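Structure first, commentary second.
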Amino acid sequence: MDFFLQILVTGIVVGSIYGLVALGFVLIYRSSDVLNLANGEFVLIGGYVCLTIMTASNLPFIVALLITLVISVLLGFSVERLVIRPLKNAPVISIIMATIGLASLLGGLVHMVWGHRTRTFPQVFPSEPIHFGGLIITPVYLWSFITVLVLLVTFTLFFKFSKMGIAMRAVADDAKAAMSMGISVKNVLAVTWAIAAVVAAIGGTLLGMINGVGPIMATIGLTVLPVVILGGLDSIGGAIIGGFLIGIIQNLAGGYLDPMVGGGLKEVVPFIIVLLILLLKPYGLFGKGGAERV
Amino acid sequence: MKSILGKNLGNYRTSYRADMALLNSRNKKIGMVILLLVIFLLPMFASNYFIGLMTLCIISSIGAIGLNILTGFTGQISIGVGAFLGVGGYASAILTTSMGYSFWIALPLAGIITAIIGGLFGIPSLRLKGLYLAIATLAAQFVILFIIRRWVSLTNGTSGMVLQRPTIGDFALSSNTSYYYLSAIAFLLSAFYAINLVRSRTGRAFFAVRDRDMAAQIMGINLFKYKVMAFAISSFFIGIAGSLLAHYTMIVSPEFYEINVSIQYLAMILIGGLGSVFGSILGAFFITLLPVVLNIIVGSLSGILTDLSHILSAFEEFVFGAVIILFLIFEPGGLAHMWSNTVNYFKKWPFSY
Amino acid sequence: MLKVNNVEAVYSKMILALRGMSLEVPKGKIIALLGSNGAGKSTTLQSISGLLSSDGGQITDGTVEFEGETLNGKSPDAIVKSGIFHCMEGRHVFPHLTVEENLTAGAYTRKDRRNIQKDIDKIYGYFPKLRDLKKRPAGLLSGGEQQMLAIGRGLMAKPKLLLLDEPSLGIAPLLVEEIFENIKQINEEEGTSILVVEQNANVALKIADYGYIMENGRVVMQGEVDRLLEDDEVQNHYLGIGTEEDQKEVVYKSKQERMVW
Amino acid sequence: MKSKKFLSLIIGLVVLVFMAACGDDADGSGGSGDDQEVTIGTLADITGATGDTGTPYSEGQDHFFEYLESTGGIDGLDITHLSEDYAYEISDAQRIYQQYRDRDGVSAILGWGTGDTEALRQQVASDQIPFMSASYSENLKDLDESPYNFFVAASYSDQGRMVLEWIKDNHEGGDPTVALLYNDTGFGRSPIDDIKDYAEEIGVEIVDEQIIDLAATDAQSQLLNMEEHDPDYGIIQQTWAATTTILRDADTLDIDTQFIGLNQAVGEGLIDQAGDLSEGFMGVLTHALPYEDVPGMDEYIEYLDSQDMTVDDINMQHVAGWVVAKVMVEGVKNAADSTDGEITGEDVLAGLEAIEDLDLGGLAAPVTFTDELHAGTEEIRLGIVEDGQWKAITDYDSYR
């Protein structure tokens, strides 16, 4: 039983990071139908920037994080302005490819700026694990779990009640009608990208504290795709629940199935889920999808 | 129809057959002959190194043509080309090395096996569109590679398999030049087939599916058949490319077929021009040669920027991304469109209006 | 208040949709813009509200003036801020937003956030049905309810001029009556000027003060509603009075007459 | 007309390619004096997946060649060293290999990881170009399959065997139990079967195997599974990142297994990444640590001084790069002695196979190649992390 519970808890805390990164995908997809395959690089840049500020300036973590978020906002704005806006009427494949190109461009840039070495974060959270009865959690994981919940609540409220939030949903629903409301679609998209970059940077910072920051971190972008598909590309709650689900399933597969097949299933199982989900319920558990008109 | 100058000012076709002919103008015929001559005489003039590069380029061209049939012609996005190249490569390796077939049998079989597996993965395309299909193929990429890694008895797992260069009688195609000729022939056949496909009933059905699949269905096009067919035909080419590449490098291993290969192929057809056979070829050359060119540029700059050579790969990555984005924004038609613009410009020159 | 002077508009840089379109909306009036399919009515509204560009069109000649200010080249959101609201053809409610959220979205450009709730209540006053449905996603509403929502959403912006594009389209006749009565009521109570585009000339002329009839991208006839209603040609062609043969003949004749200018 | 500008840019690039492609044939002739010429190419991973260890390794090579030049080189021999980053991408490795072979006419190649080594081994065999890499994979020992591949350190399998030997000799109380932790790549799986065979041979029980991805963010499910078997030792065949993940999660889960890493899991980088978690971690030392006082360090320090560097700026991977270059140059020297004309790949092969008991001054175990064995040694040392530093706890020794 302990074994099961521990695996469950691990799944949930790892899943919370997945959910966080998945959130970045969903935010952008909702408002502009773009799947940002450069999300992993956003995460990476966020991690590097925060780490660099902290090691270079001795600023307290919170201040460093805030500066990182400001820089992420700028990153989001410029990506939207320079890459996405000029392609607003382009077909899906062009936009997928543009974000792949963006991933490559940013990845190269990161290499040129920060080099190749994995860097470790200065200690922010205590490393001593916390014990709940028989269960063990590392503080960083606990914090990422809390962060995810806070973000979930924040975004739910934001989209439900704030003017910008409603405008963003309006643009996602019907951009032209939103325009007729006097909503500036350009601004909304820019804000969306900025928020997505901010979320990614938070993810990068947390992930960096767990594993250090190195180029390999960008692979989280692909790792998390199954989460988004499972949860539904356009559902914020779906991203988070999908994150938890994938985290749990992955760890259960790792815990129970891996010994049977000789290991390695843990990393592939999410993609098997993707194939199943796409066959059975293409728009994910919580996605809205939509009928196509001829 | 003679003009005053006694010269035809245009191509007049007097029968459907003439209109449908592959080389429907004199210029095209001349161009074709020149192209063939260039391809076959190239080894006499170019260095061994250059021939090696050209071999890589034309093998990639075959794969790119394949992907363009699926993505450019039929509008089905695939981010799983890498894995399908792998299927072709492994099929060839297993057929020749483990089962002892000759390369000449293994090559077409590798294409057919890849076509079958590609067709299988094409089945979901009936329900999935755009982004979702792209992600399904991405998942296929991971799952296929996982199977290759795990099916040790068949694929020798992660350590890969060894292949031999093909032989004709006692003559092994082990030199750069001989393998270049082999690839060039395969390449010409592929290009010829693909150009014909565009003009066939099937090709037009593909275009209809791409432009509006539901409308195509209403027009009586069997969506299922054509979508799966597009996957299969496309995978056939990719399988052939995979097999050729495997015999060229004489080894297959899962690391050959990672996701970045899929991305490179997508970049080829996008930069070359979606839906254009000629564009696929241009794109394949462009993407294959891009690092070589950058290398030269960086090399010539190394006097000024000594550190740059150390981050050359990162710089390559950066430029690769930038080139993709620039093309998408400024020339979505790709190199093929640029080419036809240029050609048209000179055709009308000096009266460009 | 609104003056459209000789506007010429094209789509995709080549398809000419308006060729010298002119009209005028005085303050506090309801103006009907009638015409058959493809006459350029919607394009006219889009050139006023700036939405033309989102469909790949642009104004190539002429001016649109609102309260003495030129609107040419202004972005849609700036135009909304200056007091013109465009209710698009086909309603275009936000399907995943609730009724109330749709109304809130309509008030996007307003600065007086405090009064919004009060105004929402007022909209419910005009369209009581919406009050019962306020928590429901707008996508699940019937066509008529969606149309009410679309108009209500427009009012939330407190526009000086409301552009309505085919409010009767795809709606049960009984509801059409009701909606047009609401429009009239809004016009009277709020003093909002309204420019309504309709194919259903009957209902439109019933509430309008003045009417324009468009064909081929320009106005072919205009006048006080009473005069238009009396006009034979209008009766035959747009109001569906008279026999079928009559109509054909008249149309043929009138077109010929009109083409000469 | 931005597309026009874009077009001209592209055309310019294309012209450049062709100019470059045509111009390359020219060089290769007309060297200086009567010196024999030889070119050695390096495939380095600087920006790729294994860049963290690949960079110091390739720098070590660069530095050795620079050192050689600064000391006047070798009489009668003109060595050109080329190095290019292939970013751990096979297609890039393939392209650079062709360039080395056809354009630069290299006589030998210094490779790097399992990926490029495996991918090119057939081609180097048919092109007869010796290829010496840091992939210490046992299957490269098979000279029928890989006749031109070399490596200078003990193979992963030999390392694993030696670790088992040490466990058997040093375990106190009862029979030792061992788990294997590796990743699902050619590199990860390379020694696993050999380790299992050898364990059976000497009577050490392998109780569990776990696969942990190179980029894993957590390894808890695997470690929990491992813990079910409660092994005394865990042999890790991973890179630093995954090893750090293992050590961290083992610490979180209070697992008291003694982990022992094979050489890719070992090095200063691990201590950087894992911090305190690395205390007490054991591992295979294939080369000297820069701060060790061994005779071979003298020339090394001499060079570092000339570059305003100290031993603190380098690490064990750097030493490994230095050593591999040194061994290669030794082979080239032998080749030059035995032939007067052009030094071909075959000559270098023979030159390398002539190396016998090459003393590296303690930088690594002495190296011997023969025409039957291309693995330079079977000897390794074992080390442990104490006070944030690696310390050797055994001498160079082989399992035999």
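The chains carry the letters A, B, C and D, assigned in the order they are written, with residues numbered from 1 in each.
As a working rule, a residue touches a chain if its C-beta (ideal position, glycine included) is under 8 Å from a C-beta of that chain, and two chains touch if they have at least 3 such contacts.
Since this is a predicted model, take the numbers as computed values, not measurements.
K.L.:
Going by C-alpha centres, which chain would you call the most central?
P.N.:
Centre-most chain by C-alpha means: A.
K.L.:
Which pair, A-C or A-D, has more C-beta contacts?
P.N.:
Most contacts of the two pairs: A-D.
K.L.:
Round to the nearest whole Å and give the separation of the Cα centres of chain C and chain D.
P.N.:
The computed centroid separation for chain C versus chain D comes out at 75 Å.
K.L.:
For chain A and chain C, what's the span in angstrom between their mean Cα positions?
P.N.:
43
K.L.:
Distance-wise, how many Å sit between the C-alpha centres of chain B and chain C, to the nearest whole number?
P.N.:
The answer is 52 Å.
K.L.:
Using mean CA coordinates as chain centres, what's the gap between chain A and chain D in Å?
P.N.:
Centres of chain A and chain D (C-alpha means) sit 35 Å apart.
K.L.:
Counting only residues that touch at least two other chains, what does the list for chain A look like?
P.N.:
111, 262, 264
K.L.:
Got the chain D residues that touch at least 2 other chains?
P.N.:
Where chain D meets two or more other chains at a single residue, that happens at 46-47, 184.
K.L.:
So which chains actually touch one another? I want all the pairs, not just one.
P.N.:
A-B, A-C, A-D, B-D
K.L.:
Quick one: which bits of chain D touch chain A in the complex? Just the residue numbers, please.
P.N.:
46-47, 49, 51-52, 54-55, 184, 209-211, 213-218, 220-222, 224-225, 228, 240-241, 244-245, 248, 251-254, 269, 272-273, 275-276
K.L.:
Can you check the complex and tell me which residues of chain D touch chain B?
P.N.:
For chain D paired with chain B, touching residues are 2-3, 6-7, 10, 13, 16-17, 20-22, 24-25, 46-48, 84-87, 89-92, 94-95, 98-99, 101-103, 115, 118-123, 126, 137, 139, 145, 184-186, 188-190.
K.L.:
What residues of chain A sit close enough to touch chain D in their complex?
P.N.:
Result: residues 3, 6-7, 10, 14, 17, 111, 115-118, 120, 127, 129, 136-138, 207, 210-212, 214-216, 219-220, 250-252, 254-255, 258-259, 262-264, 266-267 of chain A touch chain D.
K.L.:
Residue numbers of chain B touching chain A in their complex, please.
P.N.:
By the definition above, chain B touches chain A via 71, 77, 79, 124, 127-132, 134-136, 138-140, 142-143, 146, 149-150, 212, 214-215, 218, 259, 263, 266-267, 270, 274, 311, 313-325, 328-329, 332.
K.L.:
Inside the complex, what are the residues of chain B that reach chain D?
P.N.:
Per the touch definition, chain B meets chain D at residues 46-53, 56, 149, 157-160, 162-163, 165, 174, 176, 249-251, 253-256, 260-261, 264, 288-289, 291-293, 295-297, 310-314, 316-317, 326, 330-331, 335, 338, 341-342.
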